[in-house]
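Multiple structures are listed underneath, in structure tokens.
Two complexes follow with subunit A in common, the first pairing it with subunit B and the second with subunit C.
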Partner chain A sequence: MGFDVGGVTLTSPGTTLSMDSGATNWMKVDANGILTRPQTPFMRGQLTGRGSPYSAIPLLVTADVNVGGCWNNTTGTWTCPVAGYYMVTGGNIMGSASSYGYFYIQKNGTDVIFTHWNHNASWHYVTMSGIIQCAAGDTLRYVIKGQSPASAGAYGVGGHCMYSIALMA
Partner chain B sequence: MGIDIGGATIVKTAGITLNTSLVFNAAGQATANAAPGYTGYKSGGTVYYSGISGWEITASVWQSGLNTTNGVFTCPVTGLYAMGYNGIHKGGSNIPTGLNTYGYSAFCKNGVMVYWVHWNQATSATAGFTSWNTGGCSALFSCVAGDTLALFINRSPTSLAPDSQSQNFGLYPDAHHAVWCKLVG
Partner chain C sequence: MPININGYAVSTVASELKFGASNTRIAPASYGIRDPTLPSMWGACTDGSATYKVYPYPVNSVNINIGSCWSTSTFRFTAPATGIYYVSFAGIVGDGTAVQTAGYYSIIINGVNYYFSYKDTISVWELQHVAVMINLTAGDWLSWAMNLAPGNASSYTGGAYRSNHNMCTIWLVG
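Right after this comes the complex of A and B.
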């Protein structure tokens, strides 16, 4: 037995409560109360094959996972599909040469939060995270700038750097 | 068109709205209108360690349930809360004479500090300076309604007489750092 609410169905297959639009599951609550929402917008990516150091503006992260298609590999931009709170994380290792600079998360091209590195001939691990409140259509991106020397940046070989964005709710 | 279950409604909008606050759009992407938590930072100042209650989040990007005078967040409901911070620990040429270049930070639940992280600055790219040390950590907390969460900067696991504040230096203020917390489940 289930309910049809304008084409979205609420059903109870077995001991699970499920909300589906056609064949697409929107939400499921199992018998233990565990809630899943498989359409949650989410991306995870890296600077695969970008060389080192790498500091293009914005960082052209290649998504390994891109649920909802919100991340654009070509422009390095996430476009928020709905208003909400988005978890944004980024982790880089900055090049081995002596350098300093800044790592930013930008919303609509404006700096929201940032952090700084300054090292002398050693790899420097620079991470950042935040929960950004956004409206539908807002954009998020990663930026490295203010670096010295100008060639300083993240190690873009293989999977040494990692980035992710997800709608929390 | 919708369903009323004792006052809680399931209504067809572009997608579905549950009990007026959990909204699914036409693609099945959900947002909840109530958002306990915050993202923010301490604005300004020249003393970069916590006050007696915690790291002061005087400038919030968004917040619900945060005391902005002392950085203490009060959980409105029982649940799982994610908390984290990132920033740069004080270095450069501005560490006052006599203070150390290392320190500790910790998350604090109901006034009890747990989950420490430590930094200890190395040599910077600029000759004669001590580097800015990129720091931060994150953790999940199981809380009941009324529990409090806070971040402490420069409080060590082992008490240093009279207090670790007097030996060490802390986190650079303003948007150079971010502290965040949110109900996640």
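Right after this comes the complex of A and C.
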């Protein structure tokens, strides 16, 4: 029998503790004290079927996993379901020959952080990670711009590129 | 006075909320949640071998290995709990001599190629960084493949340098 706190129920089989509402397991502390949040908003995905080089704004990443449905494959946009700190990672392989350019994370359509590549050959890997403070309803997206030649972009055919976003706290 | 939930005690210690017999705490006055058993590793390959194309990538030296999830004999991270894990490899790639080499750098889960990157270097000692968050089920294991099966493999000589100059990190996000 659980312990009801205003509709949030604490349950335990004796060695673990779960915080639930109905069948939703919001938080769990296992017998070793490891705390997990199974409903954590999360996506991971790749570029696939987008051609190469690919630099559409924003990048239309296809999610392989999309917990909470925060990522929209059609618009290439993550919408934050709650206020918090979100970790964002992205990695692209640039498919054009010698090129330079910038890889951004945008919040609500505005640049937040970016990295830069300048490479004298094709197939240069460009990555970025960051933790971004967001309000509920804010949007995040990946953008490649400022590149030369203008056609430079990521290999969007399949594999090689990887992206993920999750609520940290 | 603790709350007893089917034998599981939720109590307070020094004004922190304590979960069962574990050291996991919610500390409202200071930091939030302390999770000292957070599954995590931080290490490097330091064996100095000149074999750059390698699977599994032998991270033999660990600075952090909470929960002993990383094995320095099998070179695998075994997830102790179902959740989302941050996975990062950063290190020098190539073959140590040729300026232009190419290779695939892959994340392997349960022996299967999962996500992979690729790099075509234009000089010796270039850095490659591969970071992504991946959901794992308890018992799943993860390792890195450097231009060798079961990851993507090419005939090119690219691989990963094995005498420091690399940082490998995995931790539970949520």
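We adopt the following convention: the second predicted complex is superposed on the first by the 167 of 169 C-alpha atoms of A that agree within 3 Å, B and C clash if a C-alpha of one lies under 4 Å from a C-alpha of the other, contacts with A are read in each partner's own complex, and residues count from 1 in each chain.
Criterion: a residue touches a chain if its C-beta (ideal position, glycine included) is under 8 Å from a C-beta of that chain, and two chains touch if they have at least 3 such contacts.
Not measured: the values here are computed from a predicted model.
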A:Leu17 touches, of subunit B and subunit C: first, second, both or neither? second
Which of subunit B and subunit C A:Asn120 touches, first, second, both or neither: both
Which of subunit B and subunit C A:Tyr54 touches, first, second, both or neither: neither
Which superposed partner A:Pro81 touches (first subunit B, second subunit C, both, neither): first
Contacts of A:Tyr142 with subunit B and subunit C, given as first, second, both or neither: neither
Subunit B versus subunit C as contact partner of A:Met168, first or second or both or neither: both
Touched partner set for A:Phe3, first subunit B, second subunit C, both or neither: both
Contacts of A:Ser99 with subunit B and subunit C, given as first, second, both or neither: first
Which superposed partner A:Trp71 touches (first subunit B, second subunit C, both, neither): neither
Subunit A residues contacted in one complex by subunit B, in the other by subunit C: 3, 10, 35, 37-38, 40, 87, 119-120, 122, 124-125, 127, 129, 167-169
Contacting residues of subunit A [partner subunit C, same complex]: 1-3, 10-17, 29-38, 40, 42, 44, 46, 65, 67, 87, 89, 91, 93, 119-125, 127, 129, 159-169
Subunit A contact footprint on subunit C (complex, rising order): 3, 5-8, 10, 19-20, 22-24, 32-33, 35-39, 67, 80-84, 86, 88, 100, 102, 115-122, 128-135, 152, 172-174
Footprint of subunit B on subunit A - complex, ascending: 3, 5-8, 10, 19, 21, 24-27, 35, 37-41, 68, 81-85, 87, 98-100, 111-120, 122, 124-133, 148, 167-169
In the complex, subunit B residues that touch subunit A: 1-3, 10-12, 15-16, 24-25, 27-32, 35, 37, 39, 41, 61-62, 84, 86-88, 91-92, 122-126, 129, 131-132, 134, 136, 138, 172, 175-178, 180, 182, 184-185
